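Going by the order they are written in, the chains are A, B and C; count residues from 1 in each one.
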Amino acid sequence: MATSTTKALAGEEPPGPSHARDGKETSRRRGAWLHRLDVKGAPYAFVAPFFVVFAAFSFYPLVYTSWISLHDVELATLDIMEWVAFDNYVDLWGDSRFWNAVQNTITIGVISTVPQLLMALGMAHLLNYRMRASLFFRVASLVPYATSVGAAALVFTMIYERDFGMINWALGTVGIDPVNWEADKWPAQVAISTIVIWRWTGYNALLYLAAMQAIPAERYEAASLDGASRWQQFTHVTVPGIRSTIVFTIVLSTIGATQLFGEPLIFGQGPNGVTGGANNQYQTLGLLLYEEGWKNYQMGRSATVAWAMFMLLVLAFLAQRLIKRLRSRTS
Amino acid sequence: MGTLGSLRRKAAATAAAVGALSLVVGCSGDSDSVTGGSKDGDKVTITMGLFGVMGIKETGLLEEYEKNNPGVTIKAEIAGDEQTYYTALQTKLAAGKGLKDIQGIEIGRAKEITETRADMFADFADIPGTDHFLPWKQSQITTKDGKVLGLGTDIGPMAVCYRKDYFEKAGLPTDREEVSKLWAGDWKKYVEVGRTFKKNFKGDGVAYTDSASGLFNAMVYGYPEQYYDEQGDLIYDTNPAVKEAWALASDAAEEDLTAKLRQFQPGWDPGLSNGTFATAVCPAWMLSHISEKAGDVNKGKWDVARAPKGANWGGSFLGVIEESPVKEEAQKLVAWLTAPEQQARIFKDLGNIPSSQKALEDPTVKAVKNDYFSGAPLGEIFGAAAQEIPDKQVLGRKDGTIKDTFSQGLALVEQGTPRDEAWKTTSERVKKAVR
Amino acid sequence: MTIHSLPARTDAPARTEPDQPARRGGGRRLLRERAGRTHHAGPLAYVLLAVMAVLSIFPLYWTMVAASTDNTRVSQTPPPFLPGPNLFGNLARAWDEAAMGKAMINSTIVAGVIALSTVFFATLAGFAFAKLRFKGRNILLMLVIGTMMVPPQLGVVPLFMMMSELGWSQQLPAVIFPTLVSAVGVFFMRQYLSEALPDELVEAGRVDGAHSLRIFWSIVLPVARPAMAVLFMITFVHAWNDFFWPFVVLDMSNPTVPVALTQLSAGYVRDQSLIMAGALLGTLPLLAMFIVFGRQIVSGIMAGAVKG
């Protein structure tokens, strides 16, 4: 942490000798004052642009969203809002589709996030080696991220197609019966997860790689002097060395998984995708929000789903903090 | 390299970036008018927002209008997907900004527009020369107090497309007249033919029809009332028409007469090109899709027979925004585009069936034949089918959503869910969707 | 204020002791010491990476195959594996039908401005959150993270009304302004800098009497370079591919690439190979950029240290 020393060095300027000439004294004092202003004020100035833009373009929509979640209102007639207080929330709580969506969001989230981050870690580690063609491998690993959700989901939908898709065709050549990737629950969730994994593994690997390059070489040297194997160096130097970036990717993937909607939407093809399959077998919360808002055009209920998603994330992070605190207390 | 120097360079770069930014901001003109059109002396610009399958831009009609009306410039935009188009349209209607002078309206949205946004659209009731439409078509876009919000483009009368080669292999007649007779008057007979087909067809991997939902839609759309009654109340769970269609479509699904595909989705296309089903209930606008996707290999194998009963599936309208600065000019353009001659031309070029009674009676329309479908006389078949459509067509606000929900319910049956359970699920979903 | 490196020390400890504050130039020295890569890759590493490269590229390759056949062939079985003859024809057709010229320019402006401003402001704020002490820091940081959790789709309606009021609908600023900063970017830079930027460097700057902005320019920016390159790329790609909001607020007379591409699925029949050609067109500029910036990342921190 930057803290105590920084403050001691920067904030508390030792008082100058009192017998100095007056003019010099004032200018020095002004310098000190400017310095203090800089130390105290600069941080706020640095974070201000973010909050200003956010306040201007996101805060109002946010307030508006919470306001309409307390109303019965349709997109076609936004000017006619009927106050229903917390009815939307009560209805959502009692709606089986909501709990189904929560469940799907969690399962798809787990099957897509865990392998994705582990693979990204391994990939970053490999990419961190000195090697030939490293530029090629780095660019190759990023190709999926360059592909838009739409294009990626479209290609995968064709590859997973039941009757003529490449995967079922390949399975057929080795004598395995075709899998109904879309209509059956688990195959569908796995297929959707592979789209997510495909698109984001390279991205996360790149973030890890950038962080790995900032790990001082001497830490590795020290570890290898201690006789640590490569694996031990990986677990004891590399992983702790990029801990904050790992935290970042976990937070980001969790949020991404909670809001997942483009991939299942396109995978399900058209109106069928909005409901996450004929049996809602892969309807995520993001899709439920989309269905209520952009298919049923019920903006109030859609906003309610959005806030439920938000609360779910807040709960997840609170739970994570609680576990951390309990653990540090017991250890 | 001095840090100060690099600092200066970076500062310059930042300044350049900020400059670029303000440049971008600077370009933003002010758009005070509600729509995109403008009038400047003799020069008139009309903007159009269309979607998917309306066939207005593709046929070159707009260029022709510009040529015949010097000073008029038309800017037409076509969005691919109607769902996204309508979402954007609703947002813009709600904001009262960013609209086009002319906006396309799909039949499934007509009721919602007439009930909730009638004030935003200009009235066509007094525009001369607009009395040539099928009677039910214009009533769908007319409000209770008689305001006409748009003019009809196409309609979707039904026929049955079938593979002659597969019918032959199943020992069924292949001539379109005889095939039409097989199921004339009753959809039950169509399913009955399917049973025969399944029993007699030699070979694997060919189902009788593509999907249960196609059959369901065709049946339901043959009745004046579907999911709503005239008062606007939901009747889908009591309407015998819906129940009957559900039962028959479920029969077809349970007896494996369907290929379990979803129409217009990527899985359906390979079904067409690989020929995995022998028939498809086809509204007129579906034909070009079939010929394109089934490809040259299958040319001449398909034919078109009359549907057991008349029904309408799909079709659109063109509306004009009331506050458009070029309202009169835009209405004039819409009247011209939907006039019998132009509708006839779109039909000949693209296959959209005219919603104009006059165009349907045009002998050159009646004479249209299609090579791909074994020379089937499309003008005659669909022209006759258009006359069989019930004279009253009651629309409901959430027709589109309910239709999709029923399609999914039938997909459940195709996947093995017992039909009563699937009905229950469907009914609950509809209730939640329309609440 | 020229920086000439002090003689390199091979036995440098990972961190300078607080009681021996590093003088000017210490930052560069530390950087150089951090600049080691570890091992050379073995054959297994090459094999694994090759497999990953194939898996990464294959779907895009198949997009290209689909874009090079015609509409019928693309949906036949077995699926095509080799490119057909129509690639350039389809690409040209997609370019014309979607009016890609203007869309490409628009997308470049939009994504470029958003990425530049996001990187700049995110590094600034990330530095403050990681290394500067101020009241309310944790709460503000939680707020930043909190803003990421709100699903973006719902803001669309009020945002659209706002843009109409500002007279920006159908204009690029409507797409640019709401995303000039990103919470993801701030959080990312904060996480990166709290690890990569040693406290001593900041302290050393303070001792020299440098003000915060100077510390930012001459100490933070060099350290942040690899992360900034990464953030630039991911922001650029994200802005380039963003669809829903641009679709609602822009129109075909002034579209971005994804908005323009929707025109390809208009018309009577969806031409799958044409749509694939469009998807490929939209992706190619990004790939080109990756190749340019990929080099940046490879050289990354090493270059920063050597040039000093």
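Throughout what follows, a residue touches a chain if its C-beta (ideal position, glycine included) is under 8 Å from a C-beta of that chain, and two chains touch if they have at least 3 such contacts.
Molecules present, by chain and UniProt name: A, C = Carbohydrate ABC transporter permease.
Here the structure is a predicted model, which is why all the values come from computation and not from measurement.
Participant: Which pair wins on C-beta contacts, B-C or A-B?
Facilitator: Comparing B-C with A-B, the pair joined by more C-beta contacts is B-C.
Participant: Average the CA atoms of each chain to get its centre, and name the chain whose centre is farthest from that of chain A.
Facilitator: B
Participant: At what distance in angstrom does the C-alpha mean of chain C lie from that of chain A?
Facilitator: Going by mean C-alpha positions, chain A sits 15 Å from chain C.
Participant: So what's the Cα centroid distance for chain A and chain B, whole Å?
Facilitator: So the centre of chain A lies 39 Å away from the centre of chain B.
Participant: Which residues does chain C have that touch at least 2 chains other than itself?
Facilitator: Answer for chain C, listing residues that touch two or more other chains: 75-77, 156-157.
Participant: Which chain A residues touch at least two other chains?
Facilitator: 75, 78, 154, 158, 163-164, 294
Participant: In chain B, what residues contact two or more other chains?
Facilitator: Those would be 87, 91, 94, 266, 270, 274.
Participant: Touching residues of chain A toward chain B in the complex: what are they?
Facilitator: 74-79, 95, 97, 154, 157-158, 161-164, 180, 183, 269-272, 275, 278-279, 294-298
Participant: Where on chain B is chain C touching in the complex?
Facilitator: Touching chain C from chain B are residues 1-4, 7, 10, 14, 17, 20-21, 24-25, 27-32, 36, 49, 51-53, 55, 58, 75, 77-81, 84, 87-88, 91-92, 94-98, 266, 269-270, 272-274, 285, 288-289, 292-297, 350-351.
Participant: Residues of chain A touching chain C in their complex?
Facilitator: Touch list, chain A to chain C: 1-3, 5-7, 9-10, 34-35, 38-40, 42-44, 46-47, 49-51, 53-54, 56-58, 60-62, 64-65, 75, 78, 122-123, 126-131, 134-152, 154-156, 158-159, 163-166, 169, 198, 202-203, 206-207, 209-211, 213-221, 230, 233, 241-245, 247-248, 251-252, 255, 258-259, 261, 286, 289-290, 293-294, 299, 302-303, 306, 309-310, 313-314.
Participant: Note which residues of chain B are touching chain A in the complex, please.
Facilitator: Its residues touching chain A are 83, 87, 90-91, 93-94, 112-113, 116-117, 262, 264-267, 270-271, 274, 276, 398, 401, 404-405, 407-409, 411-412, 415, 417, 425, 429, 432-435.
Participant: Would you mind writing out the residues of chain C in touch with chain B in their complex?
Facilitator: It is residues 1-3, 71-72, 75-77, 109, 113, 116-117, 120, 156-157, 160-161, 164, 167-173, 176, 217-218, 221, 247-249, 251-253, 262-272, 307-308 of chain C that touch chain B.
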